[in-house]
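Have a look at this one before I ask anything.
Here the chain labels run A, B and C in written order, and each chain numbers its own residues starting at 1.
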Amino acid sequence: MMMESPASAPVENSLLASPDSAIQRTKTPYVTGTSVIGLKYKDGILMVADMGGSYGSTIRYKSVQRIEKVGKHSLIGASGEISDFQEILRYLDDLVLNDNMWDDGNSLGPKDIHNYLVRVMYNRRNKFNPLWNNLILGGVKNGQKYLGTVNMIGVHYEDNHVATGFGNHLARPILRDEWREDLSFEEGVKILEKCMRVLLYRDRSAVNKLQIAKITEDDVQIYPPYALKTVWNLAAFQNPSASAPGSW
Amino acid sequence: MFRNQYDTDVTTWSPAGRLFQVEYSMEAVKQGSAAIGLRSKTHVILASVNKANSELSSHQKKIFKVDDHIGVAIAGLTADGRVLSRYMRTECINYSYTYESPLPVGRLVVQLADKAQVCTQRSWKRPYGVGLLVGGLDESGAHLYYNCPSGNYFEYQAFAIGSRSQAAKTYMEKKFESFDGSSREDLLKDALFALRETLQGEKLTSSICTIAVVGVGEPFHVLDKDTVQSLINEFELVGEEAPPAEAADEQNQGGDAQPGDQQPADQGPAPMEM
Amino acid sequence: MTIQQASFSPYDNNGGTCVAVAGADYCVIAADTRMSTGYNVLTRDYSKIRQLADKSVLASSGFQADVRALQKVLEARHLTYQHQHNKQMSCPAMAQLLSNTLYYKRFFPYYAFNVLAGLDQEGKGCVFTYDAVGSYERTGYSAQGSGSTLIMPFLDNQLKSPSPLLLPAQDAVTPLSESEAVDLVKTCFASATERDIYTGDKLEILVLNAQGIRREYMELRKD
C-alpha cells in the first residue's frame, strides 16, 4: 500500500540515494492516481478508473486520464505516479509504432504487451529506479480474452478480475462475490460502479469523476467521464462524532 | 586468379554497377550440396542432400532447428550457416523472453538479411558464404524464405539452393500451384521427388538426405532415418514418374563453369563444405 | 514530522509452500496456488510449479517477480542446452544449473525458495532443496516456503530419512509407495493451510514416474 500514501517529506535512504550520486530516481511518488479495476465480461474486458491526481493528500488534479488504448487489441490502466505512467505510454507508443511499421500482418496482443511491461517494470526495479505504478492490462485477440496486472517491482498475474491499491481491499471482495464468466456489458458496468461507489466513500483520494473503458474483439471505447450518484445525508455522515465520543 | 580489377574487396563497385565479392559469395551457395524447401498453407518441409567429405567421415549437418516454429536448411559454407543459425536461435529466445510469444518468421528473416547486408558494406568484413532456406509458422501462416549472402531475401512457395538445385526447381515449378492446398504427406512426397532430381541418377536413400517438417500442431523437427526411408520406399512404389536423369546438363545457371560439375556426383564435395 | 511513506523496497513476499517427495521410481512435487502480499490475497490460482525438462520440475515460492525471472532464465538456458546437445537436461544437471543461477546473483539475490524434483538418469526419484543463494542438497523429501516450518518437521517424523552420517551412505529416497506419498503430501498441505495464512486456495500436485507425468488438484481452505 505504499502507493496510496505519497510522502510529504522526501525520504532519505542511503541504499537508494548516496549523497554524491547525481542520478535522479523515483524514491517516492509525487502525483498519484488511486485504484483501477478491470474485469472480464462476456465479450471482452471492462476497466474503470477515476480521474483524480493526488499530490500527497491534496487532490491536485481532477481530470487525469488513467486508461489508454495500446495497439489494436489492448487497454492499459494505471494507478500510482502519473508522470511514470505517461512515460510508460511513450514506451508503448514506440513499441506499437515499431510493430506497425513491419506491416506484415503480425501484431502485438495483450499478452505480449503485458509480458513486455512486466519485463520493463522488473528491469527498472533491478536498477533501483522503479516506475512507481500498479498497471492493469486487458484485451482481446483472436477470441482470447486477457486480463493481467503488474506492480512496480514486477509482481504480476492474470485473473478474471483485477484491481490496484485500495481496490484490492474494497473492490475485489465484491468482484469475488458477483463476477461471472457470462456477465453482460450492462451487468459489468453495474458491478464496476458498485465498486467505484464503495471506493468513493472510503478512499480519500478517490474523486467522483470516472471513466469506463471497454475492449472487445473489434472495438475499443474509452467512454467520456461521468459522476456516480451518491448519498451523503445519512445520519452517521452528518454527525460522525455522535457514535464515536471522545475527550475532544 | 583475379577476375578483374574490381573484385579485390567487398566495397568496390565495378563500372557496370556490380559488387564482385558479393557475387562470389553467392557462388559459394551454388557449390554447396542442395537444400530445398516447400510449403503448403499449414506446413513447411525442408530437405537437404548430405554429402560426406570422405569415405571415412560423416556428413555435415545442413538443417537446423531454430525454435519450435522455425527451422533452416543451408547450402554453402556450413560454418557460416552454423553461426547464423545460432544468431537466429538467440533472437528467438530473446523475443520469447520479452513477449512470451514466438518471433514472427518474416521479422527474423529481415533481421538476418540486415545482418548479411552489413557485411557487403564494410571493408573489413566478408560476406557470409551461405544461403539459408528459412521455413516457419506464425500467426499469418506458413512461410518459406530464401536469404542470400547479398542481404537480399525472398519469400517462396517452393525453392531450392545448392548444386544441381535447378533440377529440383524445374520439378517444383511444374507442381507448385497445387502446393498451397497439399496435405503434409503430399508435400513430403514432392520434397523427396524434388530432392531426387538433384542427385543426378544416384539412388535416394535415407542416409544421403535429411528431411524436416514444421506445421500447424507440429513443432519443427527433423524426421528420423527410419521414417525417411519408409517414406522413400512408399513413394518409390507409387511414383516412378520422374526419371531421375531427366536433366543432365541443367546445371549452369550462372554461366560459369563449375569444377564440381564435371565430376561424378558422388565425389568432390565443394571445398567450402570441408 | 513522521515519515508516512514506505520508501522503495525491491522485494516482496508473495508466500506459498512447496513440497516434494521422492520414491524409488517416482517423485511427487506439490505447491499451493495462492499468491498473496501482506494480508491481501492477490489471486487464488497462480501455479508455482514449472516443468523445466522432461524429467525435472521446479516448485518455487518467495518473491513472485524473482521466481518468474528465475524460471525464465532456466527455460532459456534449457532451450540453449537442447540446441547444443540434442537432448533434455537431466534433473541433476538442472539442479546444478539452478544452483549456479542463484549464486550468480549472490549479492542481489533472487528471493526464491526452490524445490527441484524429478527422476535421475536411473529413473530414481530425486529431490533437490535450495536456499535463496544457491546452496543445495539432494534429499529424499523437502518442504520450502511459508509453510515449510509446519511441514518439514512432520515429514521428518513420518519419513525418518537415514542419517547422512551413516556409512556406507544410505539411499535418501522414501520407502513409500506412490499413492502413499501423494496422500502424505495432501495431508501436509491440509494441515499447513490451517495455520499458515500464506498457504491455501488450491493444491497442485505433479507426479513423475516411468509412465510420464500426471497432474492433480485438491481444494484447500480459502480463508
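As a convention for this text, a residue touches a chain if its C-beta (ideal position, glycine included) is under 8 Å from a C-beta of that chain, and two chains touch if they have at least 3 such contacts.
Owing to the predicted nature of the structure, the values given are computational and were not obtained by experimental measurement.
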*asked:* Going by C-alpha centres, which chain would you call the most central?
replied: C
*In terms of C-beta pairs in contact, which two chains are most connected?*
A-C
*Longest centre-to-centre distance from chain B, chain (CA-based)*: A
*Measure off the straight-line distance from the CA centroid of chain A to the CA centroid of chain C, and report it in whole Å.*
33
*With chain centres defined as C-alpha means, what is the inter-centre distance between chain B and chain C in Å?*
45
*asked:* Using mean CA coordinates as chain centres, what's the gap between chain A and chain B in Å?
replied: 50
*Please set out, as single numbers or ranges, the residues of chain B touching at least two other chains.*
97
*In the complex of these two chains, what residues of chain B are touching chain C?*
65, 89, 93, 97
*Across the complex, what residues on chain A touch chain C?*
1-2, 5-9, 11, 13, 16, 26-28, 118, 122, 125-126, 128, 130, 153-159, 168-169
*Of chain B, residues touching chain A in the complex*: 97-101, 104, 106-107, 110, 138-140
*What residues on chain C touch chain B, complex-wise?*
72, 76, 79-80, 83
*Residues on chain C engaged by chain A in the complex (per definition of touch)*: 1, 3-12, 14, 35, 37-38, 40, 42-43, 45-46, 63-65, 68-69, 108
